[in-house]
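Two complexes come next, and they have one chain in common, subunit A, joined by subunit B in the first and subunit C in the second.
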Partner chain A sequence: MLAYAAKRFALALPTLFLVSLIVFGVMRLIPGDPAALILGDAADPETLAALREQLGLNQPLAVQFFDWISRLLGGDWGTSLTNDEPVLPTIIERFSFTVTLVLPVFAIALCLALPAGLLAARKYGSRFDSIVTVAAIVSLSVPGFWVALLLILVFGVELGWLPTVGYVTVDDNWTTQVRYLILPAAALLIVETGQLLRMMRASSLEVLEAEYIMHARAKGLPETRVAWRHAFPNALAPTLTLAGMLLGSLLGGAAVIETVFALPGLGRLLVDSVFQRDYPVVQGVLLLVATLQIAMNLLVDLLHPVLDPRVRL
Partner chain B sequence: MTSRRRPGSLLGLTACGLISVVSLVGMIWTPFDPYDINLDGRLLPASTTHWLGTDEFGRDVLSRLMRASGISLGIAALSTVLALCLGAFLGGAAAFFRGWIERGVLLACDALMAFPALLLALGIMAVAGPNEIGVIFALAIAFTPRLMRITRAAAISISERDYVKASRVLGNGEWYTMLRHVLPNCISPLTVAAGTIFGTALLAETALSFLGIGMPPPTATWGGMMADGRQYIDIRPGLIVIPGSAISVAMLGINLLADALRDRLDPRMRYL
Partner chain C sequence: MTAPLLDIRGLSLKLRSESGDLPILSDVSLAMNAGEIVGLVGESGSGKSMLAKALVGLPPRNAVVATEHFGFAGVDLAASAAAHAAICGTGIGFVLQEPTLSLNPAMRVGEQLAEALIHHRGLRAGAVLSQRIHAALAAVQIKDPESVLRRYPHEFSGGQRQRLLIAAVMLLEPQMVIADEPATALDVLVGNEILDLLVRHAREKNSGLLLISHDIAQVAHRVDRVMVMDQGSVVENRATSELLRCPAHQRTRSLLAAVPRRAVAEHTADCGRVILEIDQLTVRFQKVRFGWRRAQTREVLSRASLKVHAGETVAIIGESGSGKSTLALAALGLLASASGTVMVDGQTWAQRTGGERIAVRRRVQAIFQDPSSSLDPRMRIEKIVGEGLRHSGLSSRERIDAVHRALHDVGLSSTTWTRYPHELSGGQRQRVAIARALVLSPELIIADEPVSALDVTIQEQIVTLLDTLKREKGFGLLFITHDLAVVSRIADRVIVLRNGQILEEGAASRVLSAPRDPYTRALLACGPRLVPEGSGYRLISGSSDPRQFSHEP
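And then the complex of A and B:
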């Protein structure tokens, strides 16, 4: 297992290297250069040249890239162009908020989608299956920001039950904090559960046709045991791959939902930084998001052999 | 797969047909000029003159909705076609030539797929700035890796077929064989994938426009209309309900049609 993990990790390293090269390259495509962005349009040429020298922008691109990488590894992710704050602590603070929002939602989505998908497959063609199928396709078809706005309209504006935008910190009353998170969490849950539900139903249907399921039934096992002991673990693998991708993407920031509800998450930080052309922050967020996704894919790869012994290490 | 198994196919076809007609008509004719500002007629409710009312600048909502459908669907379609061309070419080349070309393409694919599509598009828009070409390229780059992988998988099996070997034996060049014999036979899986990606691209375009990073104002887009209407959610909820419904109907139609297409062209995925 350790050798397999080490091999998978080694395979992820070139991807990570290329990801950092893409992030570095894309940010070098911006009109002007970082020195011009920091000093603004009114800067005189001497000051610009001095800052370029100081930032190492006169060096060849390869030198600049490896210098940037070594600073990243040393924890120096640069300084924000808008507030002069170091980028890394800002990103970590925003990321911790996103984790607080996303992880419970994701856990609930899994708890809903896995049993419902399996049950729909078991009752293929029934009314329950139709409801699950329709719910999944509707969830896939509605834009997250629209769902968020509708929730605000109904529960915030019309009924006045819940706050519509903003957030209070952990230091405040936790019930108030939860009240602020209910609507964003509900919006995320509505739009993210559909994919998991659909995949679980599809893979369960495939598994339920397998010969070992027929064999289990022929042995006289109760249908519940056939479903949960034999079908469920085998149907889980494709859903798990999708779940890993979804979680990686969500941890990277539910950009649109966070923006609608004015929440201080990683996605909103990226959106704000794009508006403010704060490139060091954009660069940092993109790098973290891609690294998270690679890590999630790695984790899923390592979990597969644990769940399904047929997957060879 | 028969339509009995997929009763949604007809619904999907109807929704797509409806949205397509509205888009086409909206590009050549609208009841009012969708960009004509009339500050005396701001936020009017639905009436016989303005069937869906007016927005905060007094512009006719129906006219903007019609024009926006053409723009949003057009951008999604163009970015899907561009991604399809890039993905098919690179994926085909990777499968056909193998070796370092394949390794390089796969590595680039893995690296690009590490970025969630919307966030990658956001990053590219940070560089490109809000403009039509930028949005199309950003979305195309974000969706190319998926199509690249699908083409490669299909092309690897096709490259081993007898007619491909025959083309080589006849003395046809490698590029000619790839473009004439390998890629056209990858159409089936690519069509299935393109259907799904078209829907995802539409959703991403509306999200970018909603965030104000997509098409620049005053261009009418579904996402942009919702972003503008957000401030008036308490007095004119129609400003967000109407464009949101249009996006949802379009997405529902595209998803149902993509499912039907997949049933027909890729029966292995029939349960999805």
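And then the complex of A and C:
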């Protein structure tokens, strides 16, 4: 197991290298000289040359790339072109916000979807099953921004129970912070639970038809044990793969929800920096998002054998 | 006389579907005494599995079961589902058909054995529990219990898993056991041991045993009484010897008649030229880990040599894992990593150019085991059969004629020609597969277990068809099977394969009557033991002990 984990980790490194190469390459492929961009239209050739020298833009691409990589590894992710802030602390701050929003939402989504999916499959065709199925389809089909707007309209504007947009930091007031996060969290929850629910129900249906379930029942085991000890772990494996991918992309920023609620998350940072052509920030965020996705995939692959011992390591 | 242990009257079962109810069982009555061993035989689709599931109270979701009386150990269970559930495991034990699917893959064997004991007997993990489990494992001849209990099901072979399942059922000491085709998914030798084990255990514990099988020969010598099912009803229910002596119902007679007997017909194949010649073929499979090929290899075939002449049927007998399917793939030129030579028509696959290979492929056709997965479900029968004729230079008229001729030759009526595979029965589908091979006028047909997925009565028809076609068309037939009885019906020469090695080769009559290799002798000893006598049949018992050969790794 440990040897396998080490090997998979070692295999993730070339992937990361490739990703960084692509991120670097894309930024160089986009027309326009970063130096000219920084200085604006008014730049005279002399200052331009000086800045190019300073940024290392007159070096060969390979040298630039390894220079960039070694600075990345050293913690220097460059400075933002728009506000001269260092990139890494900005990204970390935004990312930690996204984590505080996404992780609880995701945990709740799992706690709702997994039991509900299994129960719906066990009571296939019942009223509960119909409710779950319809809820999952609704959750899958409504767009996130629409749910967000609807929530703002009902709970923020009409009822006036919760603040509509914006955010205060933890230092200000813990309860106020939570009040600001309720609506975005609810919107995320509504949009993300459906996929997990549907997957869990589908794989539970399949597992409950399996021969070993019949064998367990024929031994006279109580239905709760059949469901939770026999069916659940087997039905969980495929859902877990989906959950890992979902979480990976959510941690990369719930851009739409963050934008609608004007939250300082990673997704909004990416969107804003793209609009402002803030290349160092875009590069940094892309790199982090890709790393997250790779890490989540690795985690899911390592968890798989725990649920299904047939998966050999 | 005491009341029977199981007493069922008027059981019927319907499956609900959107197009109306489908009756599966109608008015089934059966009674079993404590300690009685009863066989339940019938073709697939006759309702025997559904009856078993209804008996243990686990019918499919869309089933509607009704009984007039469901007595078990003097209690009527028809009224209450809870009472029925209460006899699961401790009253009636249930052994399912497919051992590789019947153990939870994500749970250690030990927990799966212990859980029911903990639930029913209130035992805690400890000395008593592990002592009972060890005793049960010893009873099913599983060695090294400590390490077995820590392992997961996928680490065991099919036969071992069936033993573990039987142990799990026996641990609860049920008053009767229902075993639904417990040997069908296993190799012949292993399957026989499993059946013997079930019977021996039932006799020792004086518990009832209902042995379900599609193969009347397999159960006849093991049971006191046989019930024959046909289309959802029990049509005959008599003591075994009586039933064999004078079978009354038409279905019983057809089941008995379909049991292939080992009266070897004198095959006189006028050997034509050599079509397939395999010389010193060795195939190794490499274990691939993390995309790197490792030196670790497993030899699945070692230095196998054989010849097939035109108009000759060569049968390869072997159990699963013996390398017989690998041999078929190599003969078809579909294995790249093999040493030795495979020559079709005097030239190896490797010597030919791509175009030549395609031309040769037309002359070497294959028929596979499972016709439901070897036919494209989205194509109509005519199209499936005609596909191989595309780019053959024939006009579309000639192609259609050839397809119809082939379909006619395999005995499919024209009403089926425009249907899809799922609309046909298993036997009809295998006929389509044969027609698909036949339409290209092949010189060699390689048939890999072509009848093992079929019912016994259908097997008989398909084997006869292949034999007749071979005589008419004169192609060579390489027939791969694990079933000796089928071999005796069709083969001119027999090759016995085990663990990748050819143990014995010779004329069918010689190998089947005077086998030289002890393994062949063991195989022969455990086959069907029914001999026609007068208007009925007589049972004969086997001779040698095949057990020494069935030890699995």
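Everything below uses one rule, namely that the second predicted complex is superposed on the first by the 313 of 313 C-alpha atoms of A that agree within 3 Å, B and C clash if a C-alpha of one lies under 4 Å from a C-alpha of the other, contacts with A are read in each partner's own complex, and residues count from 1 in each chain.
As a convention for this text, a residue touches a chain if its C-beta (ideal position, glycine included) is under 8 Å from a C-beta of that chain, and two chains touch if they have at least 3 such contacts.
Predicted model only: the values in this text are computed from it and were never measured.
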| item | value |
| --- | --- |
| Partner contacting more residues of subunit A (subunit B vs subunit C) | B |
| Contacts of A:L18 with subunit B and subunit C, given as first, second, both or neither | first |
| First, second, both or neither for A:Y212, with subunit B first and subunit C second | second |
| Touched partner set for A:T98, first subunit B, second subunit C, both or neither | neither |
| Touching partner for A:L221 - first (subunit B), second (subunit C), both, neither | second |
| Touching residues on subunit B, where the partner in the complex is subunit A | 8, 107-108, 110-116, 118-120, 122-127, 199, 203, 206-207, 210-213, 223, 226, 230, 233-234, 237, 240-241, 244, 247-248, 251-252, 255-256, 259, 269, 271-272 |
| Interfacial residue positions of subunit A with respect to subunit C in the complex | 7, 11, 124-125, 210-212, 214-222, 225, 229-230, 233-234, 237, 307-310 |
| Complex contacts: residues of subunit C adjacent to subunit A | 53, 56, 58, 61, 85-90, 93-94, 96-98, 101-107, 115-116, 119-120, 152, 154, 165, 168-169, 172, 290 |
| Touching residues (chain side subunit A, partner subunit B) in the complex | 14-15, 18-19, 21-23, 26-27, 29-30, 137-138, 140-146, 149-150, 152-153, 157, 198-199, 201-203, 205-206, 248-249, 252-253, 255-256, 259-260, 267, 270-271, 273-275, 277, 279, 282, 285-286, 289-291, 293-294, 297 |
